[in-house]
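Here chain A shows up in two complexes: once beside chain B, once beside chain C.
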Partner chain A sequence: MDLVANNLSYKPSDQYHLNEVSFNFKEGNLYTILGRTLSGKTTLLKTIAGLLTPDSGEIEFDGKNFLKIPVWERNVAMVYQQFINYPHLNVFENIAFPLKQRKIDQSVINEKVMDALKSVGLLGYENRKIQELSGGQQQRVSLARSLVKNAKILLLDEPLVNLDYKLREQLREEFKNLFSKGLADETILIYSTTDPRETMELNGEVIVLDEGKVLQVGPAKEIFENPNSLKVAEISNDPPMNIIEAKISDNHISFEGIDVEAPQHLSKLTEDGLKIGLRSSDIELNENGHEFEVELAEISGSETLLHLKRGNTKIIVSIEEVLNFKINDKVKINFKIDRAYAFHADGKLASSPFGGLNG
Partner chain B sequence: MNFKHKYFFLFPGLFVLIGILIFPIIFVVRLSLSGWNSYNPGLDYIGLENYIRLFTDDPRFWESFFRLSFLSVTTVILQYVIGFALAHMVWKDIKFKRFFRVLFLVPMMTTPVIMTVIWRTFFHESLGPVNDMLSVFGVAPKWLTDPVIAKFTVIIVEVWQWTPFMFLLLLAGLLSLPKEPFLAAAIDGASPVRKFIYVTFPLMAPISIGAIIIRLIEASKIMDTVYVLTSGGPGTSTETSSFYIFIKGLREFQMGYAASMSFTYLIIMIISLTIIAKVLTKLLLKE
Partner chain C sequence: MNKLYIFLKYFFIVVWTVFVVAPFLWALTTSFKDFQSVNGGVTYIPWVDFEPNLEGWKVLIKSPAKGGVDIVEPYFNSLFVTCTASLISIILGTLSAYALSRYTFKAGFVKNNDITFFFISQRIMPPIVLSIPFFLFLSSINLLDSLTGLIVVYIVLLMPIAVWIMVDFFNKVPREIDETALIDGCNPYQAFLKVVLPNSIPGLIVAGMFCIIFGWIDFFFAFILTFTEVQLLPVKIVALNSSVTPWWSLSASALVSVAPLIIVAFIVERYLSKGNLSGAIK
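On to the complex of A and B.
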């Protein structure tokens, strides 16, 4: 049973929330929608769920016109980024709610709810009030509520974004386990996120969305290795990929007075206005490197993000240890230039170290 | 805290409290133990005689009390149902939402006594427009002079006058509900009807209880409508407690006896409203 969308558009005001979005989701697969905030992820999920009606385009599920089916008759489950539960019901009643909407035997409901509670690790909490739970537990309740339905389509809208760092790691791990257990072979799982790392970890088919438009579709690895445009490269990397305006001639890349030998996959490019893309992790501190000035140093978790500047070029370097820098300190860095990407002036990928296009 | 002038600062508030609440109640209790009437005005002491008369020899008081219970419970239930329906209607995004919201409040902005006079004119048996229109069907109900129908006339006028208040409370409640559970309910497969039963109604329970209690208290004071519409008639068939107490106290000047009825009425109302609130809470909030 496939979920097929054709040219979905939604434009409530003068900006597109969805712009000619098409996809073909197959049962038993995990799809990740990657995009920055306001890129249309939630709109897309709401459209699939039936909470929004697109201005144009169509959705078909199992060969039937999905747009003609009211929300409550679509077999869809959804977990939101806010922890949405029923405040007037306790944990058990919350999870049983979708089952109670169908005519199901109470004993079957009990069994299913207990199963769901077990799979999200909340056994023993069934009589608690929702308000007595922590954020992470509330989100688990809404996850359990979406699992218990055995919905054919399971939508997860940035389910981890409002949780603190540690819980996010933990729940992400649990999600992965749940998903890999094969929820059911016929479920279509759609997961939206702004976090490229989450996308890579979930390792499903990725749809990169920006300003309501689908920019690239492909397996997570492919998106990471061969982003088809500058935009995708920015969205699929955190911190975003560094973009350096450089010249390539005579096998040399030059910018801001720096001159490095071009790796093989970039050596054939000679056109004007080329942009070199380099991940923040592909730049390292090196005594013999090129001198940059520190604009900002932020420590996140166990890594340090250095915002550096030289002339008009600004780059971000991530270092896998905690280091203290002062603003305006001078640091020396080296580029792993063989990992560099090149983009045409219009933003399209020109060459990638992983063999995209003419590499 | 040991502050020797504290009573000085408490005095203004205490004075008002004593003046308008505590003194009247105590005075009513004392009055109820006296035989004050138009022949013997004065606070003499006759013991529990008034209460004995009330509990053993005055079925009219108890009849008026049960009539009042019937009238107030019926009107409040009707007001709640109609008020909830109207509030639910303009809660959704419909056309002319603002217009309807104001329109539904109009009855509350009118003067009850004057509106009741107008209703009395409407329901006049031979000259009123209602029976004029009904004459097409060949019926002419005795709106104000039939003992049974007159009760429902009182109910109609009360419901018309005070449903807007219920509507206002319930609309405010609906507008303050979180939106998220409704999103979840739709996705969880609840049709609009089930969404109302399983989400809207339970979420509204605390507000509903408050609104119903407030209206019950208000409705038990019903007096002006009865006074203007039927003067308690025909006979005593629309006479309510407050109206009967008014007749005894301020028409027949049996002040002592009226005071004993007032005090009894107060105690019964406090007890029954407390019980009603408890029962409603148990029923609607399952606590």
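On to the complex of A and C.
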């Protein structure tokens, strides 16, 4: 049972929320919609759920016109980024709600709700009020409520974004287990996120969305290794990929007075306006490197993010240890230039170290 | 610091309580007085300061033929009109408010906010402006001096209050709750009845309280739109007054007329603190 969309567009004001979005989702697969905030992820999920009607385009599920079926008959499930539950019901009643709506036998409901509670690790909480639970637990309840329905389409709209770091890691791990545990066999899982790391870990088929437009579709690894444009490279890296305006000639890349030998996959490019893309993790501190000035140093977890400047070129370097720098300190860095990407002036990928295009 | 805070807190509560309760105590003692004890200086304690009697209360239930002012029928008229009008206003008002909060209406330049403002603008007009149209309207449909006519007028007056309060309340109920209900298999009516309404009880109670209070205390329209067939309590109480002000029966009638509001307030108070929306969205 496939979920097929053709040229979905939705433009409630002067900006597109969806712009000619098409896809073909197959059952038993996990699809990750990666995009920045306001890129149209939630709009897309709500359109699939039936909460929004697109201005134009079609959605078909199992060969039937999905747009003609009202939300309450679509058999989809959705988890919001806010922790949405029914505050007047306790945990058990919350999870039982969609089943009661289908007039299922009470004994079957009891069994299913208990199963769902078990799978999200909330056994023993069934009589608690929603208000008494922590954020993570509340999100587990809404996950359980969406699992209990055996919906054919499960939509997860940034389900982890409002949780703290540790809970996020833990729930993400549990999600992965749930997804791999048979649940996925006949379900289409659609997971939206802004987090590239999450996208790579979930390792599904990725749809990169920006300003309502699909920029690239492909397996997570492919998106990471061969982003087809500057924008995708920015969206699929956190911190965003460093973009350096450089010149390539005579097998040499030069910018801001720095001159490095071009790796093989970049050596054939000679056009004007080339942009070199380099991940923040592909730059390292090195005594014999090029001198940059520290603009800002932020420590996040066990990582240090260095914002550096040289002339008009600004870059971010991530270092896998906690280091202290002062603003205006001079540091020396080296580029792992064989990992560099090149983009044409119009933003399209020119060459990637993983064999994209000219490489 | 902490002790001072507690002292000030209780001091304020005591002062405020005295401030609020004193008029009631004054009315209560006065209602058991007669002409002599009212005019015989300041007295508070029955049997000690003055000899209590029930004359002030008896007048309220005695028929006019026996020299009383029978307020029993107007009392039940008022109860009936207020409750019916409030109930209908709450039902219609809640439905309109939900629609105004969740759906987008557009007729030319008129949008949701304009419609909501139109409702409340009915209350901005001075009542006297409305009295003539209401009078003519009711007389044209033969409902002057009738309970039904009063109920119609009170619905017009009370529904804007219900709409105004409930629109504000529904706007604070996250839309995602309705959407989740739809996704979980409710049609829009079920989503409203099974999910939105149970979470709106505090709002309904506040709106209901306001409707009941405004309906119960209205004198103006009850006075203009009724003559002999039907009378409401506030009008009847005014009729108690005569050349010698009967403070005792006025006090007694004041007490019986606030009684329903006090009872409603006590019943409702516990629900107001319950059932908040925390936990719906965090």
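Following the convention adopted for this analysis, the second predicted complex is superposed on the first by the 358 of 359 C-alpha atoms of A that agree within 3 Å, B and C clash if a C-alpha of one lies under 4 Å from a C-alpha of the other, contacts with A are read in each partner's own complex, and residues count from 1 in each chain.
Here, a residue touches a chain if its C-beta (ideal position, glycine included) is under 8 Å from a C-beta of that chain, and two chains touch if they have at least 3 such contacts.
Everything quoted here is computed from the prediction, not taken from an experiment.
The superposition on chain A brings chain B into a clash with chain C.
Of the two partner chains, chain C is the only one that A:138 touches; chain B does not reach it. In the superposed pair of complexes, A:77 makes contact with chain B and with chain C alike.
Taking chain A as the reference chain, the count of touched residues is higher for C when chain B and chain C are set side by side.
With both structures placed on the common chain, the touch criterion links A:326 to neither chain B nor chain C.
When the two complexes are overlaid on their common chain A, residue A:68 makes contact with neither chain B nor chain C.
In the superposed model, A:166 makes contact with neither chain B nor chain C. Of the two partner chains placed by superposition, chain B and chain C are both touched by A:101. In the superposition on chain A, A:85 makes contact with both chain B and chain C. Annotation: chain A residues 49-51, 70-73, 76-78, 80, 82, 84-88, 97-98, 101-102, 142, 145, 149 touch chain B in one complex and chain C in the other. The touching residues of chain B, counted against chain A in their complex, run 178, 180-181, 183-192, 194-195, 198-199, 202-203, 205. Partner chain B is touched in their complex by these residues of chain A: 49-51, 70-73, 75-78, 80, 82, 84-89, 97-98, 100-102, 142, 145, 149. Residue ranges on chain A touching chain C, taken from their complex, read 46, 49-51, 70-74, 76-78, 80, 82-88, 97-98, 101-102, 129-133, 135, 138, 142, 145, 149, 162. Contacts from chain C toward chain A in the complex involve residues 174, 176-177, 179-187, 190, 195, 198-199, 275-282.
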